[in-house]
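Chains: A, B, C and D, in written order; residue numbering restarts at 1 for each.
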Amino acid sequence: MAKKPIIGKLSGERILIFNNDGISRLNAKGYGELNDNFLSLSIIEGLYLLSKNWIKVKLNNKYLSFEELHDYAQNIDDKLCIKYLAYRDLRNRGYTVKTGLKYGSDYRVYSRENIDEVHSEYLVKVFSEDKPCAISELTGFVRVAHSVRKKLIIAIVDDDGDIVYYNMGYLRL
Amino acid sequence: MAKKPIIGKLSGERILIFNNDGISRLNAKGYGELNDNFLSLSIIEGLYLLSKNWIKVKLNNKYLSFEELHDYAQNIDDKLCIKYLAYRDLRNRGYTVKTGLKYGSDYRVYSRENIDEVHSEYLVKVFSEDKPCAISELTGFVRVAHSVRKKLIIAIVDDDGDIVYYNMGYLRL
Amino acid sequence: MAKKPIIGKLSGERILIFNNDGISRLNAKGYGELNDNFLSLSIIEGLYLLSKNWIKVKLNNKYLSFEELHDYAQNIDDKLCIKYLAYRDLRNRGYTVKTGLKYGSDYRVYSRENIDEVHSEYLVKVFSEDKPCAISELTGFVRVAHSVRKKLIIAIVDDDGDIVYYNMGYLRL
Amino acid sequence: MAKKPIIGKLSGERILIFNNDGISRLNAKGYGELNDNFLSLSIIEGLYLLSKNWIKVKLNNKYLSFEELHDYAQNIDDKLCIKYLAYRDLRNRGYTVKTGLKYGSDYRVYSRENIDEVHSEYLVKVFSEDKPCAISELTGFVRVAHSVRKKLIIAIVDDDGDIVYYNMGYLRL
């Protein structure tokens, strides 16, 4: 993908791609949601692709730097930083990563390129290691994942920005 | 064990049994630690055995009610209540339960009557569902259990006092 | 480093630096974690650098005072104050100080500038002298440090805010 | 020492031995304090020697069982149980153990039979692992031991009644 960056246009919480070649290149790698006339990326996808120099992001006829897009996203999602770090790590490991909102999680993850299959393999929720969390956030996550029969991943970002992955599940004694 | 209650004497954070018949009956069931001249129970063991009417607990020539012993223990350990609920539940399921302090956990658990085997099967840490917890408490617990090659149990006491058991572990992606 | 303060942006539990010159100056001194597009500082690093006037910290287009950042951090970590005092003292003595969370401690410490070496020299856990502590917190710390073959430091903050350092270890009798 | 038990008389907080042969046998092993006409044992020494069947303890012309002497001692010292467990363990390892009261500690310990030397090797303080302790109890102990130039031992009795020994000291950074 060492080609010329694809132009995306920032529109509210999405980044839209109208160029057909760009749409098919990004879609083939599992980025964005396909609409009739355009592909729409989440801002976290946009940050990742911008950091790789695969896209450029335009707002009001001006290209945004990584920092400007990050500032913009920060105002929308205050959990942005750790979510971005986890997204980047999972993508760098070769997984396809989509939003997990409809399952009350941060991401759903498909094993390498297998996104055509109906079901994601994992639901992912991201936590910061140095911030207290309600135990019920974890138990609720286990309950949801169990009820939709998906495996879950707890991604914990430590103070060094490293990410460690854990599973968790019910135990029958 | 529907015999006459065994007399235990409260001594600081331990309950001591001096009666030989009582010592052997309790020891056979995995309660207490055997010394040359006495068996010593932890206060949580004492609470459980008192609730079953297997022992009576004496302090200053007076027998303590369950409530009095619970108050006494509460002053020593403010996590007492949820730890007791988990202890009781595990014992009622037939497990032998010993302190897990030397592994940084609340309990180590042996499968039914199998305490003669050298190694406990599980390390248990007890949490209250509605209390925030430091994520590092969970990750530290996984690290310790992993390093001593034991399975771990996260016991979560919910608002109804019910206990749900979870496992947790590293995930290799 | 008597240059113009570097701008950092507060993002959840991290402070992000996007300026290239700032990134390299801070990174050279062992502050923060390097990502593709930015350097991310922990809030305690941020507090220290803010107190030295090396950085300024921005939230919603407003610069935070030391007090405002401290308040913000206090809400995330109620052990903040004594941890900050220990961090500052160790840094002022010339040590490089990073999070110790993955070893169940507060910090890991590298001797002066030696952070390129693979292994930290010490694990540090910070206590307040006038607050009761569970003995098992100390024994657990000794166990972990022993198992990863690192020296440990118990940093005790007294009522005057002074810090005294102790070692502790197993004794073979 | 598989001889006939020596008779001791319980007198307040001491157990007195008047028999000359008994005095010299016990004194040679480092038990008790020698007076003009008798040897006086602490109650913890008495419990230990009673458990070994080396002495019998008389009160009002009646011999006390181990349990009765333990009850008696419990009323005087509510830290009795863990102090006794530590005393027994140190003695069983071959150390000579004397009270450490004048150094604000529980015991002073002499290496095997070396009690003729002027200085004890260690000061010992006993803690229960499952009871919170004031950090200042530990730091005060380090300060005292340092000022009298003695090594210190922190003896921690866990919930299983096992004893683990730790050292602790100032660290110059």
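Just so we're on the same page, contacts are C-beta pairs under 8 Å (C-beta built on N, C-alpha and C of every residue); 3 or more make two chains touch, one makes a residue touch a chain.
From a predicted model like this one, the values you see are computed outputs, not experimental measurements.
> Considering only mean CA positions as chain centres, point out the chain farthest from chain C.
Looking at centroid distances, D is the chain farthest away.
> Please state whether the interface between chain A and chain C is built from the same residues or different ones, using more than half shared residue numbers as the mark of same.
Under half of the interface numbering overlaps between copies: different.
> Could you report, rounded to a multiple of 5°, the rotation needed to superpose chain A's C-alpha atoms on chain D?
Angle of the fitting rotation, chain A to chain D: 180 degrees.
> Just how far, in Å, is the C-alpha centre of chain D from the one of chain A?
64
> Between chain B and chain D, what distance separates the C-alpha centroids? Give it in angstrom.
The mean C-alpha positions of chain B and chain D differ by 29 Å.
> How big is the gap, in whole Å, between where the Cα atoms of chain C centre and where those of chain D centre?
The answer is 43 Å.
> What positions in chain B touch 2 or more of the other chains?
As it turns out, chain B has residues touching two or more other chains at 101-102, 136, 139.
> Quick one: label the inter-chain contact graph as line, ring, star, complete or other.
Looks like something else, not a line, ring, star or complete graph.
> How do the chains pair up in terms of touching? List each pair.
All touching pairs, sorted by chain label, are A-B, A-C, B-C, B-D, C-D.
> Could you please specify the touching residues of chain A with respect to chain C in the complex?
Those in contact with chain C are residues 51, 65-67, 70-71, 74-75, 78-82, 85, 88, 128-132, 158-162, 164.
> What does chain A use to touch chain B in their complex?
Against chain B, chain A makes touches at 90, 93, 95, 127-136, 138-139, 142, 153-154, 156, 164-173.
> Would you mind writing out the residues of chain C in touch with chain B in their complex?
Those residues of chain C that touch chain B are 101-102, 104, 136, 139-140, 143-144, 147.
> Any idea which chain B residues touch chain D in the complex?
Going through chain B, the ones touching chain D are 9, 11-14, 16, 18, 33, 35-38, 40, 42, 60, 76-77, 98-99, 101-102.
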